[in-house]
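Okay, got some structures for you below.
Okay, so subunit A shows up in both of these, paired with subunit B first and subunit C after.
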Partner chain A sequence: MATITYDQATLQYPGAERPSVNALDLEIADGEFLVLVGPSGSGKSTALRMIAGLEAVTEGHIRIGDKDVTSLPPKERDIAMVFQNYALYPHMSVADNMGFSLKISGMKKDEIRKRVEEAARILDLDAYLDRKPKALSGGQRQRVAMGRAIVRSPQAFLMDEPLSNLDAKLRVQTRTEIAALQRRLGTTTVYVTHDQVEAMTMGDRVALLKDGYLQQVDTPRNLYDRPDNVFVAGFIGSPAMNLVEVRLDSSGALLGQHHIPLPTTTLSALNGASTATIGFRPEAVELVGEGAGFPFEVAVVEELGSDAYAYGSLQQSGASVASASERLLTIRVGGRKPPMKGEVVHLQVSPDDVHVFSTETGRRVDTGDRQRPSGSTRV
Partner chain B sequence: MGIKIANALLAVLAGVGGAVAVFYLLNKLGELLPGRWEERVKPFLWLFPALAAIGVYLIYPTVQTIIFSFANASSTQFIGLSNYSDLLASSAFQTTLVNTLLWIIIVPAGTIVLGLLIATLADRLEPRAEKTAKTFIFLPLAVGAVSAGAIWRFVYAASPASQEQVGLLNGIVTGVGGDPVNWLQISSGKLNSFLLMVILMWLQAGFAMVLLSAAIKGVPVDTLEAARLDGAGEGAIFFRVVVPQIRTSLITVFITVLITVLKTFDIVYVMTNGNFGTNVIAVDFYNQLFTNSNAGYAAAIVVMLMLVMIPIMTYQIRQFRAEEVSR
Partner chain C sequence: MSSGTVATPIQLQSDTASVGSNTKARGGKKPDVGGKSPLWVRIVVGLLCALWIIPTLGLAVTSFRPADQANSSGWWTIFTSPSVTLQNYSDVFSRANMGEAFVNSVAITVPATIIPILIAAFAAYVFTFMQFKGRDFLMVMIVALLVVPTQVALVPLLKLYGDLGISGTFLAIWLAHIGFGMPLAIYLIRNYMATLPKEIIESAKIDGASHFQTFWRLIIPMSTPALASFAIFQFLWVWNDLLAALIFVGPGSNQPLTIALVSLLGNQGQGWQLLTAGGLFTMLVPILVFLSLQRYFVRGLTAGSVKG
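== the complex of A and B ==
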């Protein structure tokens, strides 16, 4: 087991206009479960394949433990990878699939058998060792791919969207199993996904990438509570944070005709800008009686049982503020008595729950409250 | 010219029209039958033309050939198994059998190795270079065996030592100071037979390459990457991950080439006419029938050829069915 370090690691494909991964600096602690997350084209898979040695780094370095592996071929890096389509060898039985790397390394047959059986027991694959991958279900194939990784006891596991081919229910179950297995084995793991729920639930830390740049790396809680910029704020959390561009005055922000007071520190940090982007999460909203808060006209209600989400727009002097092009705001309301479609409710957002971002740079403007230690890893 | 085109068009029209007319009439005939009989008989009426064609052009000649293989040279009298026993006892026919066996062992395997090698190497070229290389390697297949024989005659040609050498091989040999060799007449170590086999391999390599190249491209890239991460070197990846995954294509190529080998006639006929110990079964058949006018020997030879072919064809059909099922 080892740490993994990206040191200004850059990869630009020949003929591409910009690097797919741009000067990535990231240190993954020994035994840590780090999730690389981002939209498609963000460079997360490329970053993972750089550790594996399947993509050549054009600039910078990759280190596994103390060893600089930048120019080593994959087989000398001692890492195992779980592929999105599992990449099982179709002509080999489950046992041979799992034991292939050991066989290549020249291990004795009975020792291979022992280790494969042990891994199969952990993954509940005992009954399928003699089957071909074709005769397995999607979930079983996924477990064989995991087994192939764990029999080797490698320095690190790399997982490239390993759950994306499973149905929703199995995905949730397997997600927990993988996280539990990783905790048990204590092997450093880098996990790529485009699903922010997977990222939040599995990772010790989550690194969010966009267009090849690292946006933020932090614990799931900190990413959620203190997003560094508008992109992180919008990506993490489901439903997404409400982000609205507002005009500023001397004491706060104007949301339509409604005034949201902002701390003076924030206002001075905004440096006299006339607008800012404010964000608040759907659950940061409180329903209040008429006369208080903002009137909000409900357009759509999604009931999820325990909760309900209401989509709508702020009302201004009896007329709806939102034009057709404007995005609807999302609020969470109690699942037991959700408002009706077309109803007008009154909202209040606590100033503590308001995130302020500079319109110009998209970066967070610190409100100075709710400080949390950032960048912490699991201990 | 105009008349020829008109004739061709007429032939096409008459052929298609005739077929339509036959099926139309058969269908009408079926409709004359009462109720349920129409449903029962109609499929057979539709099958009838095809079955009749197969019967007349395939089954009847096969049966007739088997019968004639037990008859004398002019097919006038039955002589039991003596065609077979005479042939198997003659040293010329034994040479033919040994040669045919060597062709069977060497050419399909050689073609596969060659095709696999070219396909693998071409796969590593840039797309445009790959296309060009493949086109050139595929070209011999379009030339045909007789033309190939003519081309290779020039490669193996030998002129007297006093003259300039036209043949490529002898050009090289004399160029480095050796004496010209009459390649196709050297039967020691079966050299001339091997030289003829080279021609067929040259012809078939393109076919093998095209099929195997497509198969290699169909191997999922992530299994190769997985093998690379599993610590396999290029050799292990090729033999343990790529080759097993293209197994069905390998078998298809092997059997197709094998059947071509068993039917090989033109190359040997054009180059040596089976002389100098290079005879193979198909040439022997031809010479027995048309040169020696011995229909009995000729029929016995093809019956033996058929007996060899049947298990191979059966295996191929089984393999094909298994593949269909697993798909």
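== the complex of A and C ==
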């Protein structure tokens, strides 16, 4: 078990215009479950493969524990990796698959057998040890891939979207199992996913990447409550945060005819800009009676049972809302009495729940209402 | 809306099944995946098979007919006036020393099949999974060698063998066949290896396997279909080869079956019924090899390795 450190780690593929991973600085604590998340092409898998030694770092360093592993081959890094497509050895039985690395390292047969059986017990694979991978279901194959990693008791687990090939239900179940297994073994784990729900539910901390740059790394709660920039705000959370570009006046923002007061600290931080991007989460909205709040015309309602999400747009009598007409806003409403399609409801957004971002830089403008928690990094 | 809501009828498993089969039955024609092919396809395939098999059958029948009958009537007359003899076989073995030739053929063919496969598999691994300067250029060179006719190498090789003093030995013919078979072997096996999931190699790297261990424990077992198909090709070429055998070995104590067969035939073509017996005998081994290796031609040897 060990810490993993990216120290200005950069990787640029030959012939690529820009680095796939750009000066990544990130420290993963001993025993931590860190999730790397981001859209396709964000460099998250590349960042993971850099730890594994499958990609050569072009600049900077990678350390596992106190050891600089930047130029070491994968086998000397003492890590185990779980691949998206499992990469099981098709001609070997489950037991041989799991014991392969131990056999290579020259361990005695009965010791291998002991460790394989122990891992199989943890993963509930006892009954399948003599089967070939092709005789297993997708979920079982996934567990064999996990088993191959845990028999080695490595310094760290690296997982590259290990759940993407499972069906939705099994994915949710396995998600919990992997998280529980990691807590139990206490092995430092780096987990790559493009699914923000997986990231939020599994990670001790979540690192969000985009275009090779680290956007923010923080606990799931802080990422959700205090996104550092517009991208993080829009990526984390499902359904996504509503982001609207608004005009500013001397005391706040104008959304339609509605005035949202903003703290003076925020306004001064915006430095006299004429517009800003404000964001509010679907659940930060309250339905109020007519006459108060903004009128909101419902276009689509999605009922989920406990909740319902209403998609629609702000009714505008003036041309004061810049981009609200282009994108539908999402609000969460009670699941028992959702509004009907075409209905006009009135919304109120609590000023405390409004996130303000600079239009120019996309960065968060601190509203100063909450203490910034320690341990979070800002780009 | 209405006062009494009608409960959705619960569909039992058996109901659904019967509904499903009903629709199928009513649907009539459904695409039958992997089922029977249309009649005309089967007729054409049957004709092709017959076309290929009849001459071989004729050869087999003739080899069991007495020489004078074989010379005067066609092989199909055996069905009307059966008369069978093993004389041809005993003649072949007594006159032409087929036993020794058979051993020679095996001694030539087995190494000339296994050695190029081994070397080509190594080379294919390197070309597929290792990065080095000039890799693509070398690969292009090897593929280019595929179009060079064997004949251009005959004279230089013969001179070289003469200088080395190995003319007429097994070593000479082994080297020739290994060289002639290598480009295709590398090409075929490399193309197959390139289809193996690269995550398996990466996984092996992380598991701590060296290149040799990855090659020997993972890539070779997973490449058996390609290795087996090339093995059959190479075996048949070498076994049936007369040209290289005549040039590099020649008639004598090292001669393989092909040369022994030719020597059965007199200058005026007399003794051709012996050729049928010898030919049939020569065919046995390739057929056995094919039958024993054909189980490796199953597709999907990598099944279960990656996402399924």
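Definition applied: the second predicted complex is superposed on the first by the 364 of 379 C-alpha atoms of A that agree within 3 Å, B and C clash if a C-alpha of one lies under 4 Å from a C-alpha of the other, contacts with A are read in each partner's own complex, and residues count from 1 in each chain.
In this section, a residue touches a chain if its C-beta (ideal position, glycine included) is under 8 Å from a C-beta of that chain, and two chains touch if they have at least 3 such contacts.
On a predicted model such as this, the values are computed, not experimentally measured, just so you know.
Colleague: For A:Tyr89, using the defined touch cut-off, is the partner it touches subunit B, subunit C, both, or neither? Pick first, second, both or neither.
Modeller: Both partners, subunit B and subunit C.
Colleague: Once the shared chain is lined up, is A:Gly15 touching subunit B (first), subunit C (second), both, or neither of them?
Modeller: A:Gly15: touches no partner chain.
Colleague: Tell me the contact category for A:Gly305 with respect to subunit B and subunit C: first, second, both or neither.
Modeller: Neither: A:Gly305 stays clear of subunit B and subunit C.
Colleague: For A:Pro133, decide between first (touching subunit B), second (touching subunit C), both and neither.
Modeller: A:Pro133 sits against subunit C, while subunit B stays out of touch.
Colleague: Of the partners subunit B and subunit C, which touch A:Ala80 in the superposed model: first, second, both, neither?
Modeller: In the superposition, A:Ala80 touches subunit B and subunit C alike.
Colleague: Considering only touches as defined above, state whether A:Arg141 meets subunit B (first), subunit C (second), both or neither.
Modeller: A:Arg141 contacts subunit C only, not subunit B.
Colleague: In the overlay, answer first, second, both or neither for which of subunit B and subunit C A:Asn165 touches.
Modeller: second
Colleague: In the superposed arrangement, which partner chain does A:Ser101 touch: subunit B (first), subunit C (second), both, or neither?
Modeller: So A:Ser101 meets both subunit B and subunit C here.
Colleague: Kindly list the residues of subunit A that each of subunit B and subunit C touches, one partner per complex.
Modeller: 52-54, 73-75, 79-81, 83-85, 87-91, 100-101, 104-105, 134, 148
Colleague: Provide the residue numbers of subunit A that touch subunit C in the complex, in ascending order.
Modeller: 52-54, 73-75, 79-81, 83-91, 100-101, 104-105, 132-136, 138, 141, 148, 165
Colleague: Quick check: in the complex, which residue numbers of subunit B touch subunit A?
Modeller: Residues 220, 222-223, 225-233, 236, 240-241, 244-245, 247, 326.
Colleague: In the complex, go through subunit A and note every residue touching subunit B.
Modeller: Its residues touching subunit B are 52-54, 73-75, 77, 79-81, 83-85, 87-92, 100-101, 104-105, 134, 148, 152.
Colleague: Residue numbers of subunit C touching subunit A in their complex, please.
Modeller: For subunit C paired with subunit A, touching residues are 197, 199-200, 202-209, 213, 217-218, 221-222, 300-308.
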